[in-house]
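In the two complexes below, chain A is the common chain; its partner is chain B in one and chain C in the other.
Take a look at the complex of A and B:
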């Protein structure tokens, strides 16, 4: 692949069933303090038939990230693959990014005793932070770095119905295009028995 | 289900649900309880335009993804289904040929269905005439349709009738034995199907062989032990063949003799000791009775990876032992999925600290009790070994002995090969490719021989038997009151030497039914019938002839041995519609029902319960928890999603009771018990009912028991058990508790 990937999330609200597998996997994998929700499933109109729907929301890793633009200490940086990260040792925890963020992504640890995730905390798309990759310090401050190991971010890996997709924007689009194209076209499977598939 | 067509298991598979054109769900909430499996439902909708229909007292997460939803009054599934059948027969939407060839006594169902006009159904169930018509039309016209259920259908005192009428709908529409059809009952825990197949139950030997002397003798022989020695372990041979206590009523075995308690039939003695291996007995009905029984026991042993909260509930101070059991990751062996498929599970780590695997606990117990040799001998027989390897030799022992559900093909070696080649199977049809060609993933039972493919869809006559085809099982005789119970002409699985119905295969009829002649050597080796033929000659000859060893019979709509031969509606013991209990009364009280006298009419007719307890009570699960919930409440992230026990309540009901969102409330039950929980406003329930999750423990009738946990073991979330207020009521056949249709009274705390 000659071109750079642009890493994106997509959550299909036709498939999301509010199981919270993504948010629990995220919290568990990165050992987040309770109260910090890097990812959260939001359900609207709960209990009302025909109106209830759910979707999973985290940092959307904007190309033109408003958080980066408003940060007074310039702690954000955007990787070549589009993942938006920040340096917690520069961050002053002012919360200005929360004003700017269209998704409510920035989180602020409430308890000093659990303050290990720094002044502001948010989804890293499982890509760690500015510290040495897979170092103890990176893990302590930012959680796992699965991207460096070639793994899918843990939220999407856990998603029970594959509503939540993550990866290069083109790959996401292709998966979703296939889903759309396959609507109403029947089951993607081979017939039962072996006769028709192999001949006798 | 077993009483309808032979086997009581999911007929198709989760993947096969993708083939459905319509999916109707009664009393199941797969989006919450089977979130990964639910992906197949969503794919059916996406790719196959399948219509999802949910019939449930609550607007569940599953209903949120449905095309049509009917909010039914708890305990009225039978009227609803008869309403569907009424319209199906009236409009001629039934499959006449299928019914004629493959179903017995559907005419009697038609008669009963005539009574259930849509107007009457609306009155009893609360579902409008229009909605019933819409659902019936969509479901009958979009074929194949699959019918899903879980505990919402079974946990009623008429559960065993519910689970017969649901299959009857599928039989009427010809939806059985086809891709995208079937009755797909979703199992609630990992390996429940396997535990059931091995009959971790009190009324039958492994493989559903029953408890007759003949079955005991077959097992004695197969285990290589003396039958008389086995019989000598029991008080007498009568008790050897008597059903034991059920999980739901074990407490009655302890409490019998106290005033007001049900009488027991336990050879003159009460239960004195309880050994629990990984069962959350704090999630079964009648927690106040469970507590009292725990207090009265002489000995309690709890083997569990977590602190079994039975130890917290009881006030008993001495002779309560908590054994640390190893988890699934610390051992290996086969597990059986909901669709009758086996998988091999490998050990990830050695048992941590002093924990022991379940089998080690049992081996040690058998040694102390003095029958370790007899207990493990069955594992040596197949290869005439001196020492066994666990669990491989146990798996092979099962394959050697269990013929009834066709486990002959489930050798440890084959199951491992399937799991290792997981990627070589189609996810929908389960069909294998490459080295796995000719086999379905996990060899779904019946897997008749060591080369059989497995059977992905039960009762499918469009496949040859050796590729998983079969008719309905011949289990209830060949004739009833002059009517032939065998399948009609031409309805045998394709490629069959016998094109019509035929009886189950025995040494006596094999030559006639298969049209073969056995050699003298074969005649000398062959077992009496297919269920006990360890020579496997019957199975092998059957495969060659395209014959299902268990016969080819009709499914039966009428079970003449049941109190209701044709399912009929009976109001719950505690009904909110006392005006209907006269027309639809419950059963007479039943004596010696799994060793306990069980009350029906005497409870229902005692008084008009709905006067003092006007609100319907249903219980169920949360997505972040499982069973009694101690494992999940012990995880801070899972507990954080629902840190407190709560009650889903419609704002209108709450307003009338002066309750605000987040207030603490008391819920009182007709049993005289109560729980204190937090009110949570929800539109998922109508104002006449409330919902309680059943995963909490650690509080009891307002008292916080947190201080009783051993140091460092208190879960992050503790709360009242919903089962402290679920009502008395047990199924007439199975003794399953009625947790999905009781009454309660609510007040602000």
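Take a look at the complex of A and C:
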């Protein structure tokens, strides 16, 4: 990755076999509470022959992230490599980021008897949070920080068909183009979801 | 009243039961939401909310917070308050029930408005524990208001319909632009009070419902989705948009209400505390009502 690396996710819907491995790996690696899945596999056009496909979604770490724009307490911060993170100790659990998000990424574990919402939780691209890197507190609040150790986010690392990729947007786009070309019947001009996340 | 409370409690119970069901946001519905976002055929509520919240809502609240009191300060300095004799006879205007209901609503508002402002300007307060506490307080203070809002609507509704006097009242802005004590055309409630009444009661119900939706977020009321034709997330987006817009209006008129009762008409606030208004105040500011009472021989 060069200096201008801009981290993006890409899930190849031609390869995704709806095994849910990424979602499970994520939940286990970050010890997420039940009811929270930072990553989820969804199937589109279910039952429509030739059009059905599955893809894995999580926070896409958008350009000009809508969540960051609406947060009333400004608890988001965007790293130089484009990863969108937030501070759970500042978050008030208002839900606005969820309303703004095109991917339904922000989630709210319920704590308390009346279903009051706790601080927002979402995919960190395995980059932790604002606490000291790899501290116990960071791990407790945000899960593993694999990026700091030079590791690939756990979802993409375990994806058996290599459908789910993460890395510098330029490199990912190159792989995407190669794959589409090799199949010989490219239809989409950019990966699914990229329009919403990174602009056309 | 008893039945009403029962209804409230049972509807709370029903919503908490609904929690046990599957998530309406992150379950299968999530798909629909992702597909719908910003698409030409979608509601576009997501991008609309993002645009409004990032550019306008906080600004509108700031205008209310600074602008409305500023206008009043100027009014107070240039035209000044209306002072009526407090030695004359008193006219009984508000029953004990009306006063109790009003006071419960008043106390709720004194918590709801500041805590709401603190959330809107959450970043100024640094977020975290304090703002979170205000959010919970905002939710708690909703409960007493939700209990009294409908009774409040019922006890006053018969006096609140529009009347010829109201047009005349609006033409002279209730006489507040002059220092003279000329009789102002108004029944028991003037056009300003009526506007506030409708906004506070109907708008108040809207605030309770939209606020509760956002607070409970992942509730499951299929009927609501069917009636509106919206997905759960779009219901929440609509709720957030409506809550902010109606919130701006209600806070603006709430400030007006306080200014009138406490500053602009000296001692007017006593009316809702003791139930009695000053005769001179009624004679001038509610002249039609005064004449009516006179005719009926009640004074």
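By definition in this document, the second predicted complex is superposed on the first by the 165 of 200 C-alpha atoms of A that agree within 3 Å, B and C clash if a C-alpha of one lies under 4 Å from a C-alpha of the other, contacts with A are read in each partner's own complex, and residues count from 1 in each chain.
Please note the rule applied: a contact is a pair of C-beta atoms (placed from the backbone, for glycine too) under 8 Å apart; a residue touches a chain by one contact, two chains touch by 3 or more.
The shown structure was predicted, so the numbers you read here are calculated from the model rather than taken from an experiment.
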item	value
Touching partner for A:102 - first (chain B), second (chain C), both, neither	second
First, second, both or neither for A:74, with chain B first and chain C second	second
Touching partner for A:24 - first (chain B), second (chain C), both, neither	first
Contacts of A:53 with chain B and chain C, given as first, second, both or neither	first
Partner chain(s) touched by A:15 [first = chain B, second = chain C, both, neither]	first
Footprint overlap on chain A, comparing chain B with chain C	193
Residue ranges of chain A touching chain B (in the complex, touch as defined)	14-15, 17-21, 24, 27-28, 34, 46-49, 52-54, 160-162, 179, 182-194, 197-198
Of all residues in chain B, those that touch chain A in their complex	15, 18-19, 31-32, 35-36, 38-39, 42-44, 46-49, 59, 61, 63-66, 69, 179, 426-429, 431, 437-438, 456-457, 460, 463, 467-468, 623-624, 635-638, 640-641, 682-685
In the complex, chain A residues that touch chain C	35, 37, 40, 42-44, 57, 66, 69-75, 87, 89-96, 98-104, 107-108, 110, 114-117, 193, 196
Residue ranges of chain C in contact with chain A within the complex	16, 19, 23, 25-26, 30-31, 33-35, 37-38, 46-47, 49-50, 53-54, 58, 119-123, 125-128, 131-132, 135-136, 139, 214-218, 233, 236-237, 240
